[in-house]
Amino acid sequence: MYSVTVRDHMMVAHSFRGEVFGPAQRLHGATFVVDATFRRRALDEDDVVVDIGLATRELRAVLAELDYRNLDELPEFAGVNTSTEFLAGVIADRLVERLDARARGIDGVAVTLHESHLAQASYEREL
Amino acid sequence: MYSVTVRDHMMVAHSFRGEVFGPAQRLHGATFVVDATFRRRALDEDDVVVDIGLATRELRAVLAELDYRNLDELPEFAGVNTSTEFLAGVIADRLVERLDARARGIDGVAVTLHESHLAQASYEREL
Amino acid sequence: MYSVTVRDHMMVAHSFRGEVFGPAQRLHGATFVVDATFRRRALDEDDVVVDIGLATRELRAVLAELDYRNLDELPEFAGVNTSTEFLAGVIADRLVERLDARARGIDGVAVTLHESHLAQASYEREL
Amino acid sequence: MYSVTVRDHMMVAHSFRGEVFGPAQRLHGATFVVDATFRRRALDEDDVVVDIGLATRELRAVLAELDYRNLDELPEFAGVNTSTEFLAGVIADRLVERLDARARGIDGVAVTLHESHLAQASYEREL
Amino acid sequence: MYSVTVRDHMMVAHSFRGEVFGPAQRLHGATFVVDATFRRRALDEDDVVVDIGLATRELRAVLAELDYRNLDELPEFAGVNTSTEFLAGVIADRLVERLDARARGIDGVAVTLHESHLAQASYEREL
Amino acid sequence: MYSVTVRDHMMVAHSFRGEVFGPAQRLHGATFVVDATFRRRALDEDDVVVDIGLATRELRAVLAELDYRNLDELPEFAGVNTSTEFLAGVIADRLVERLDARARGIDGVAVTLHESHLAQASYEREL
């Protein structure tokens, strides 16, 4: 199995509901450094998994919808905690859709969000 | 599949038995930067894999049993080489037990120990 | 010249005033990974620059005043842009005061805030 | 499953054929920081996956065939784009052969090439 | 003293003249991850050292002149070894000129090029 | 001012004397990832600060005297705490001597030891 990973980041505000979150119930923020991975069982006719330029542009387009936002104000996230792992899932699903990944022969996608030097979360799915 | 990873470290002394280890047969030491990963097929009712605060505290508790120790003196490791990969397995198993991971809905655990900028080792198991 | 650096982080929300900031004028957030450096021309009687445990605790205490906060709501920052470099200066000055750094023989302090994998800012002062 | 990863690097020149590659069609170059991972279901009699010294030497031997080369001039790569993912596959296959990995009880190999702070590619195979 | 650092990278081919360089006398290549640092004794009226967006754009413009090139073919580098430290100096000087750094109140510039996980080089100058 | 930095590491055991060190008074260990920096006001006739191959070999030679050792048993460190900052000074001084740095036109040397992802220490001296 081959894979290619590209990196970008976003800077958002948000808060969490639930006592388990302690001080993170207050409005705070995070830089999420985002790694998007594309998997393919065999290389394509250009000897790549996916064009890195294309992958980078589509990742930027997906992140631009969230970047420099207060996630608490986005209607699509009403009633949900925008945890790092939840956001990894959202970004992965949106990437799959934008890239029309299955049609391009991509066999799997994974997204990892690094929220600090001490914690990260991921979501991966096969296509 | 979702996952969350938290990081901590420990600083231990130890030595290895076996000519294959060369100078590492002498008493020496290592900083192990430890990444503990928890996997879950679906998010829980708080929209997370596991509470990061809880995961961090339990990882600290597991590492505290080894931190600032000479592993050669711990009876539980008598007759074994405390290689990086062996320690990854020990830490993963202890984390699973302390967290009662299966009961919490955790589907898998992985532990990676970075021993330098050039080498790391991991152990992963499904639950 | 000797130095010791310890690392911690904070997660804050804030916004900027001024057209130069573009989308960062909206309420957003950041993880700041913070490196605090203490310099000393000669080592002390314990052969160190400063006790790492003490330095780590005082850095945590300084960051705790800002962590998980919306900086726009803190009266001490009214009328100022809480840029990464500005915050580096604030944290450095507070560390010097809390540690009573000059009395401890510290000759200089530097603070670096990493706001992403692409940008960081610092402030340093001699004592 | 246990694993061990060792790191080395190589510095090569090459160019790509195909309009999708844009300016990378020109002769340029890259530092590839290479992580080679070896997997084993159980530890061997020395309590390791593979001797790290041996793994490091064999990885160096494989990279030495490519290091400080213009890949466009190597006959073995005629007619192919030496993309990061393609090279990961080449290095993995050569490592498996040199190490006689299956005979050593290795159950899987993965190779990751970091081409910058923003992009990396991998190839993994079971044995 | 305040500072801000922004990061970008370039991928170039080149070769060195002189027996001291060993195999690096052959045409090879490198990814240079480039950190550009701007220093200022006091913050400006926006409470920053320099607009990060501007700094990032100008660094990109400077690197674009070298990116995806064979440096051996650039007339400006005829008769010189394009070592990592030499390139750091070139990039720093070009940045100072493009940004008209002195006029903007910048008091110093430093440029670091990371050529691998094992080596880097820098050039710094006061203005 | 130009500089070049090369990286290596060592894995040692040691203990500290003094209540301030808490659990680090027990025999434990550390991986020290070591960055050695050489500074020069102008480049030499090969357009470099120092040959990276030479710098790397000399750093290895200096570290080999300490690597895989219990520092508590080395007579040269009797009666001193082998703190990270103290070791940075020892390594810098030994490097200056081995390289005959002043005679080579080196204007300054700095050594940084990373003891974990959270702490590092440095020593620098002009020549």
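Note that the chains are named A, B, C, D, E and F in the order they appear, and that numbering of residues resets to 1 at the start of each chain.
Keep this in mind: a residue touches a chain if its C-beta (ideal position, glycine included) is under 8 Å from a C-beta of that chain, and two chains touch if they have at least 3 such contacts.
Quick caveat, the model's predicted, so the values are computed rather than measured.
Asks: Shortest hop count from subunit A to subunit D along touching chains?
Replies: Step count on the best path from subunit A to subunit D: 1.
Asks: A-B versus B-F: which has more C-beta pairs touching?
Replies: Top pair by contacting C-beta pairs is B-F.
Asks: Call it same or different for subunit C and subunit E: same when shared residue numbers make up over half of all numbers used at their interface.
Replies: Different, since under half the interface numbering is common to both chains.
Asks: Pick out the pair in A-D, A-C or B-F whose interface repeats that of E-F, meaning over half of the contact pairs match by residue number.
Replies: Checking each pair in A-D, A-C or B-F, only one repeats E-F, namely A-D.
Asks: Quick check: how many Å separate the C-alpha centres of subunit A and subunit F?
Replies: That gives a centre separation of 40 Å.
Asks: Taking each chain's centre as the mean position of its Cα atoms, how many Å separate subunit D from subunit F?
Replies: So the centroids are 31 Å from each other.
Asks: Cα centroid separation between subunit C and subunit F, in whole Å?
Replies: Taking the average C-alpha coordinate of subunit C and of subunit F, the gap between them is 27 Å.
Asks: Residues of subunit C that contact two or more other chains, please.
Replies: Residues 7, 117-118.
Asks: Which subunit E residues qualify as touching subunit F in the complex?
Replies: 18, 20-22, 80-86, 88-89, 117-125
Asks: With touch defined as at the start, can you tell me which subunit B residues reach subunit F in the complex?
Replies: Spelled out, the residues of subunit B in touch with subunit F are 7, 9, 11-14, 23-24, 26-33, 67-70, 115-118.
Asks: Give the list of subunit F residues in touch with subunit E in this complex.
Replies: 1-8, 43, 46-49, 51-54, 56
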